[in-house]
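In the two complexes below, chain A is the common chain; its partner is chain B in one and chain C in the other.
For the complex of A and B:
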């Protein structure tokens, strides 16, 4: 086997870190909802793509700076998350049924995207897209760097909030034992709204990163599901730092696989990892 | 005439009627459309055999469908095997693949629900990657344009139609038969509470593997036919997440607890999608399907056929039938039994039984004999290891060390369903009935999976007998959720008795009952012993222990600290200490 040069390997590790950061960012809201609200939110991916399309629309047609679109997307998505939580709480949906209901929501959002923006691929041509830094022999594209920074900031912020604030402690207590927490004055309902809203807002932010680095197409929604679920499971449900770390591990192993063998072998890594984790750690999840 | 014949006849009749359709020479388009309906009927129904019946929701049906597709594509396309011969191979490959995965996954205890769904989805993607990167596909897809389609009927569309129809009829027939069989009952019990099902005698591992194998084999054949139908097989289309999601959607929509539910869902969804596509509203159609899914889950959790699901298992023999003669009522009139003779080999001999939970020694080398025909009281303070002992003997847990001999057979570490078959039955301290089975079905289950493995009708008669005995006959067709605690405790008892056990392990059947209910229960337990059962009686209600037991064993901190006649043992200093602590000074 021909080993690629050291520079090429380093560059592929770096791109693995970047793509892994996006896995982590997409997985953050998913993991929190799954771990703490016992909801498996498949619609998270559709929401991220909807956010990406909104960013695309607001900045190409509306002329906004892509980052500024967050001012619209984040509050709107937060409201959507609250609405979803209301629905889930109202009907006391089981974890498995949450998967099916959010699949329904996914299909509806996908259809809406296709109706508005058609099935043709869309590419956001922003000023950020062309900026690249050169560090030594390696290239660092600005959009990817932005993804890494956002993903790390949000993960650390979520971790710190859960660990150090009273609200976060209440949230963890409610996740562990809702009736007992409620008996001690924790308003579980409100926390659910907050968590679901925040997680939808995270999807909006992930959407921005998608729009900056990737070509958008409605059918692309499903291509992220498997690998991000892998990151969430490997990272541990409800652990805000888990998806980022696991995402980067997966991203790097994928890009090394691509560099050393053929690009098409990459999915094998993440899914084999997921299978092993499920089999070995089933008791702990 | 029983209810069996009509349904089977209906399946056959519908099959024959539909097989006549090509005679009318409809436009090829209609045959192809109906082909798609049958195709989805097969996929959804086959998925339901494992996932709907047992609750192991698989998101990997695309993998088994795809395994069949690529088996046919490879054999017919690359090796020139005649198309029809590839179909059994496709079934075999898909079944072996599924059972291989099952053999690994089903060994991992808690891998259920969403985790099983994810795992099977991951398997799909792994298989897709392997197929894509090996000569099986190679990245370009497999073109089957050159493969000859046997002319079963004059036109290709009619041939595909008749093939898919035949497979759909076969699949529905299999789904129906399984639903009514022991296998089906076992799968439904697994759905509600797998651990209890195993302890009640259901060979859970084997049943899941068998159901998975059947499910995958049918999906494999559907894949084989579909490979020829699309004539150009690609990884992207075959292994997409859309296949498993659609299949789940169809089954949930139709109702997973009914054998016909997935087929109904498949027909509705396929027709809906077609109507929208034909009217140029494909996008709106997809959105409508999404909306339907949400509405069904929220407002109709059992699916379209959910309300008929109970009946689909066959009308219980007992419904509307007067209580059989010869079942004597329990209440009152049961004479106290003579104490049993202590001679002979013990029925149950426990030696050095140990069990630890993460360093906590719950049982520490317990020796215990249970003599044939006696009621042995097992007492001790909370946490002394009584329930653990029951859990070990019944096989609910596997023990760390020690030997359990029962009726001359070594049972330590045996699978729980074998222990049940050997003639040991138990109750659970907190009743654990199968929530979606009726009271009668709950009890009939252990009769079918017990020592005598009764057939369906005898099992229901047996069950009704024990429901009479425990005073629950009026509740036979209710669900366990409709019972109060007292009744649920008696349901536990009836369920244990219906397996006709030699040894009955009663784990705190009296806790939580009122004094008059306790009197009832004591009479019932005496009556059970009078019928020849041997009983191990774990209880905190001392009055009952003193009244009922022939001998007691006292456990403390996982060890036997005293053994003997009830009145004598309970007066011993070390027993009083174990319960009340040491007196000061």
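For the complex of A and C:
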């Protein structure tokens, strides 16, 4: 067996960082909803793909720059997130039932995507997709770099907001002990709307990244669920930086597994890491 | 085996079918409908290809009903969504036969689902004509009828056809990288290619496999680039080929020669990086295939229907042709036996051949498979064109290299 070249290894690490950033971005809203609203929101993945398809549509038919589509997608998704939270609050959905309800929403969104865009694969041919930078022997594609930058900025911004702003502190308080927080004047209901809206908006932004880097098909919604759940759980629920860090660890591990052994082993990585984390530090999740 | 001349030779069984097919009156069908049941993967990972089968089937049923149906009765196609899940396909076929009480069944798309449907058909002694079953050795049921013309040993014959084509190049490949999905029918072909490559004295510089549903092709692209092969055999189904090419583009790698086993044809042809990509084919919408008036009519209808359905690519190629051929086989059996007796139809098909738009099909070799009619096609100017064998090549087409 030939040993892999240094370039191959380095490029694999870089690919792993990029894909890991996308895991982190997809996991950001999921983690916040799960950790702070106690909702296991499977529809987050469907929303991300809906965002990707809207980016595709607005860019290819509407002629908008893909980044400019965020001006439409983010507010629309925020509103959708608020609506979802209102429904969840109105019907007092429990955490377990949220899994079932959001799975149903996922199926509905998948069917809607298929009805509008058909099951035929779609690919966004944007100017960004053709740009890449060469650093030594390594290639850095612009769409992946954008994903890394967006994922990092959003994760850091969310972390800083939760840690340093009054609003963030109120959210954390409400998540930790809602009755006591309410006694101090924290409006849990409104904060829930804000958090759910922000999480859905994050899904929309992840959709942009999906559209820039991947061929889209409605059925692919489900192919991200396992690994992103692993990133969220390893990263810690409600921790904005956790999914990004865990996603990058998983991404790099997967990439190196594919570079050094059979690529078929790669899917085992995320779940093996999850099992290890559950065994070693289950109390932190 | 691959010459066009052989397919135009007169055969008694074919003449019978053609005669019967040409003879029906144009009276509107009447009476209770003949109900034909099937599933297709209308959602799930196989849906991108299954939608092609849905359109082809709808066109065929419309054409039948515009003539005088089957046996003078209208035809109703009941198609259910198996969600790309073999276990669900099994349940739905059971439902079609026992609850919907369909008169005939026809296959779903993709090998695992066909195997599931076959088990149910066997339990109820129903004939199953199916489109695209790529593992002939699994087709043990005596009343299953494959319209997928890969022959009984595609793992040997298909790679040989591809390498025969490449051997005609001024600089034929000497080193080969095989990268493959573990999707069953694709994997069979890729493992077969590995053996064929060895027997033909070529050097295998890389063999990689990934799980169906893999998302990240970056590392695989890197390893192919690192191996520097003359030819890359990509055992990919659906979008996997596109995803690998996307990953190759990101590292500025262009394979010198590249072959894709079962690609999503439209999306691959539209991808700039797929320039000169090769694939196996049974039909493309150019002469000599379209010299057949039935094929030409189907092409026209399909192009129109696919455009209305919003498909990214409206051309008739392998999948649509396989689907249409399946219906042709079923119609031939019903018409020739003048009834809906599954055993009688199955027996008739084993003794006769049926002219379809992909060529003349026979069902009398191992597990009812016939000849391997697979040809080689290539993406040229964003379109698939057949390049091998020469008898079936598009006018003036030859294999292009990077």
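Simple rule for what comes next: the second predicted complex is superposed on the first by the 278 of 285 C-alpha atoms of A that agree within 3 Å, B and C clash if a C-alpha of one lies under 4 Å from a C-alpha of the other, contacts with A are read in each partner's own complex, and residues count from 1 in each chain.
Everything that follows uses one rule, which is that contacts are C-beta pairs under 8 Å (C-beta built on N, C-alpha and C of every residue); 3 or more make two chains touch, one makes a residue touch a chain.
All values derive from a computational prediction rather than experimental measurement.
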Side-by-side fit of chain B and chain C on chain A, or clash: clash
Partner chain in contact with A:114 - chain B first, chain C second, else both or neither: both
First, second, both or neither for A:15, with chain B first and chain C second: second
Contacts of A:262 with chain B and chain C, given as first, second, both or neither: both
Which superposed partner A:95 touches (first chain B, second chain C, both, neither): first
Which of chain B and chain C A:28 touches, first, second, both or neither: neither
First (chain B), second (chain C), both or neither touched by A:40: first
Which superposed partner A:171 touches (first chain B, second chain C, both, neither): neither
First, second, both or neither for A:150, with chain B first and chain C second: neither
Touching partner for A:278 - first (chain B), second (chain C), both, neither: first
Chain B clash site on chain C (candidates 7-15, 133-141 or 313-321): 133-141
Overlapping contact positions on chain A, where the chain C interface meets the chain B interface: 110-111, 114, 262, 264, 266-267
Sites on chain C touched by chain A in the complex: 42-48, 50-51, 84, 182, 208-211, 213-216, 218-220, 222-223, 225-227, 238-239, 242-243, 246-247, 250-252, 264, 266-267, 270-271, 309-313
Interfacial residue positions of chain A with respect to chain B in the complex: 40, 87, 91, 93, 95-97, 99-101, 103-108, 110-112, 114-115, 222, 225-226, 229-230, 233, 262, 264-268, 271-272, 274-275, 278-279, 282-283, 285
Contact footprint of chain C on chain A as seen in their complex: 2, 4-5, 7-8, 11-12, 15-16, 18-19, 110-111, 114, 117-123, 132, 134, 139, 141, 144, 213-215, 217-220, 223-224, 227, 251, 254-259, 262-264, 266-267
Residues of chain B defined as touching chain A within the complex: 57, 104-105, 108-111, 113-115, 117-119, 121-123, 125-126, 128-130, 132-133, 139, 240-242, 245, 248-249, 252, 283-284, 286-287, 289-294, 297-298, 301
